[in-house]
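You will see two complexes here that share chain A, one where it goes with chain B and one where it goes with chain C.
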Partner chain A sequence: MSTTVVETWTEEPLVRYVAQASARIVVVMTPAGQVLAQHGFTRAVDLMGASALGAAIMASSTALAQQVGETGFGALYHSGQKHGIHLAACQTPRGTLVVLTVFGKETSIGLVQLFHEEFVTALQRAAPVDQERKPILAADFESELNKSLTSLFRR
Partner chain B sequence: MSLVNFTTREITCKIVYYGPGRSGKTTNLQYIYTQVPDDRKGRMVSLATQTDRTLFFDFLPIDLGSISGFTTKFQLYTVPGQVYYNATRKLVLQGADGVVFVADSQLRQLDENIESLQNLQANVLEHGIDVRTLPMVVQFNKQDLPRELILSPEELDDALNFRGHPTFPADALHGTGVFETLKAISAEVLRKLSEGAGAARRG
Partner chain C sequence: MNTERLGRSLDRISRVRGVRGSMFVAADDGIMVAQLLMEGVNGRAVAAFAASLARKVSGAAAATGGGKVRFIQMAAEGGTLLVAQAPPELLVVAVADAGINVGLARLEMMRAAEAAAA
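And then the complex of A and B:
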């Protein structure tokens, strides 16, 4: 199973959480569905689909919570035949993050909840307060963009 | 906002297709899905009602390839256009790097287009973003319909495009203008990123 991190400070807490909780898939994302770190996906486009749905569930349940007078729900848990999912938001110096955990029969929701709490604490300790902005793309990026889009649409 | 990974040199951007109900937002994504090779796209997710009206959003991840040495991925979303789904529209707009406004060219839909544009402005503002700073392009869809039923691109430009965004006549059902629209919003979003305005923001 592959682990990839976009922001390196997430790596150590993620690797430890995956091992301790025996999770099959873990995605750490922003509330907008942008992935900071993940374990379990091999194709980036599949990962983006899962993160979009995870962020949407979190956003809609938070909106529903607000309608009934709550500030938000702490965590969501769904149990299936082969897999369970645990979805929760946490506050860090990097901003609000959403963690999606998918687990199988080799572990339990109790263990996931236990190690999730430790994971959140580790993320809060590791998160940088602010990040330096750097220049991103070369000035002539548009010619490369045109080539990429032309190849994407085969025309 | 855009996520930039300097270690693996990856950029991920979020583009939202916005507009009134039945203007063709989902059709745009469906056409893109049919044209993009399998190894450059993920599964298209549609959270729709039993009658195929968008309930929450449609989602299509695509891999644009390498641009300036960065592997560039775009997440394409649509919002539900129907007036009473505003709460979900607001959720989908969260963190958007750019917006494609899909207008319905039919004369009888002009008021719905204007109402949807105003709604976009209000919802973007609720996320603390000035709509004038948000990369945006406007697509005049359904230009294939009989002339007597629709407004011309010039008339629609006068009525809807008071901010001077790039505009594209389209027939999304058959693909006309879909590629040009995506290309334009991609360039707008990446141009803003190249200026450093969207880099390394909090999510």
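And then the complex of A and C:
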């Protein structure tokens, strides 16, 4: 399984997180679903689907939280027969990021939560403070997407 | 099983000299269910690592024909980690000083495991 990144500052924290938490899949993305780094995917189409779904879950859960008077939620955890899914947002100098983690029975949600906290701290430290992320305009969307996919899958 | 009974069990374990903290941990998830910890003990980390340790030791025991693991003692330079299985879903975990009376702690932990299972 390979780790690929669009923004190089995410690589070291991601590699460490994957190793420590024994995660099978990790996607670091913006709340809009733009992927910054990933581990575990080999096909672009799978990554695009996962990031879009993760971003959508995040958006709908945040909207639900706001309806009950919360500003957001801490993290979401789904437990399956073979896999667990952990989805959480974090604040960095580069803006809000969403981390999707998929893990198997070789680890546990306790370990994932524990190392996720360290991962967030590492991302916050590594993020460049002088480059604020610009919003992606509809006109640039396709070219930005293609650029990200090229970086991630070397195509 | 109720939280009051779990709390009483943890209280008994914590009375053993040298115990810095004790907790019930969900075995599959590595998350604390109930805890009684001294200040400075990172309960979340202990719970996650204890569950991981229990899973790995159980796997090793099964692979070598050792059967079910009931109790694990990990002695380190800075302290001792004790883990007792409380079937079907829990672990009783204690963090203690290196020189703890393991026999006494084990007795209380096995009692706690039985109480949790009852």
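Just so it is clear, the second predicted complex is superposed on the first by the 129 of 155 C-alpha atoms of A that agree within 3 Å, B and C clash if a C-alpha of one lies under 4 Å from a C-alpha of the other, contacts with A are read in each partner's own complex, and residues count from 1 in each chain.
By definition in this document, a residue touches a chain if its C-beta (ideal position, glycine included) is under 8 Å from a C-beta of that chain, and two chains touch if they have at least 3 such contacts.
Since this is a predicted model, take the numbers as computed values, not measurements.
**Student:** With both structures superposed, pick whichever of chain B and chain C touches the larger number of chain A residues.
**Tutor:** B
**Student:** Taking the superposition on A as described, I'd like to know which of chain B and chain C A:S108 touches: first, second, both or neither.
**Tutor:** After superposing on A, A:S108 lies in contact with chain C but is clear of chain B.
**Student:** Looking at A:S60 after the superposition, I want to know if it touches chain B, chain C, both of them or none. Which is it: first, second, both, neither?
**Tutor:** First partner only.
**Student:** Using the touch rule from the top, collect the residues of chain C that touch chain A in their complex.
**Tutor:** Against chain A, chain C makes touches at 25-26, 28-31, 44-45, 47-49, 51-52, 55.
**Student:** Note which residues of chain A are touching chain B in the complex, please.
**Tutor:** Touch list, chain A to chain B: 4-8, 29-36, 43-46, 48-49, 52-53, 56, 59-60, 63, 94-97, 131-139, 141-142, 144-149, 151-155.
**Student:** Tell me, which parts of chain B touch chain A in their complex?
**Tutor:** Touch list, chain B to chain A: 1-8, 10-12, 14, 35-37, 40-43, 45, 47, 56-57, 59, 61-68, 70, 72-73, 75, 77, 87-88, 91-92, 94-96, 179, 182-183, 186-187, 190-191, 193-194, 196, 199-200, 202-203.
**Student:** If we count contacts the way the header does, which residues on chain A are in touch with chain C in the complex?
**Tutor:** Where chain A meets chain C, its residues are 79, 107-111, 113-114.
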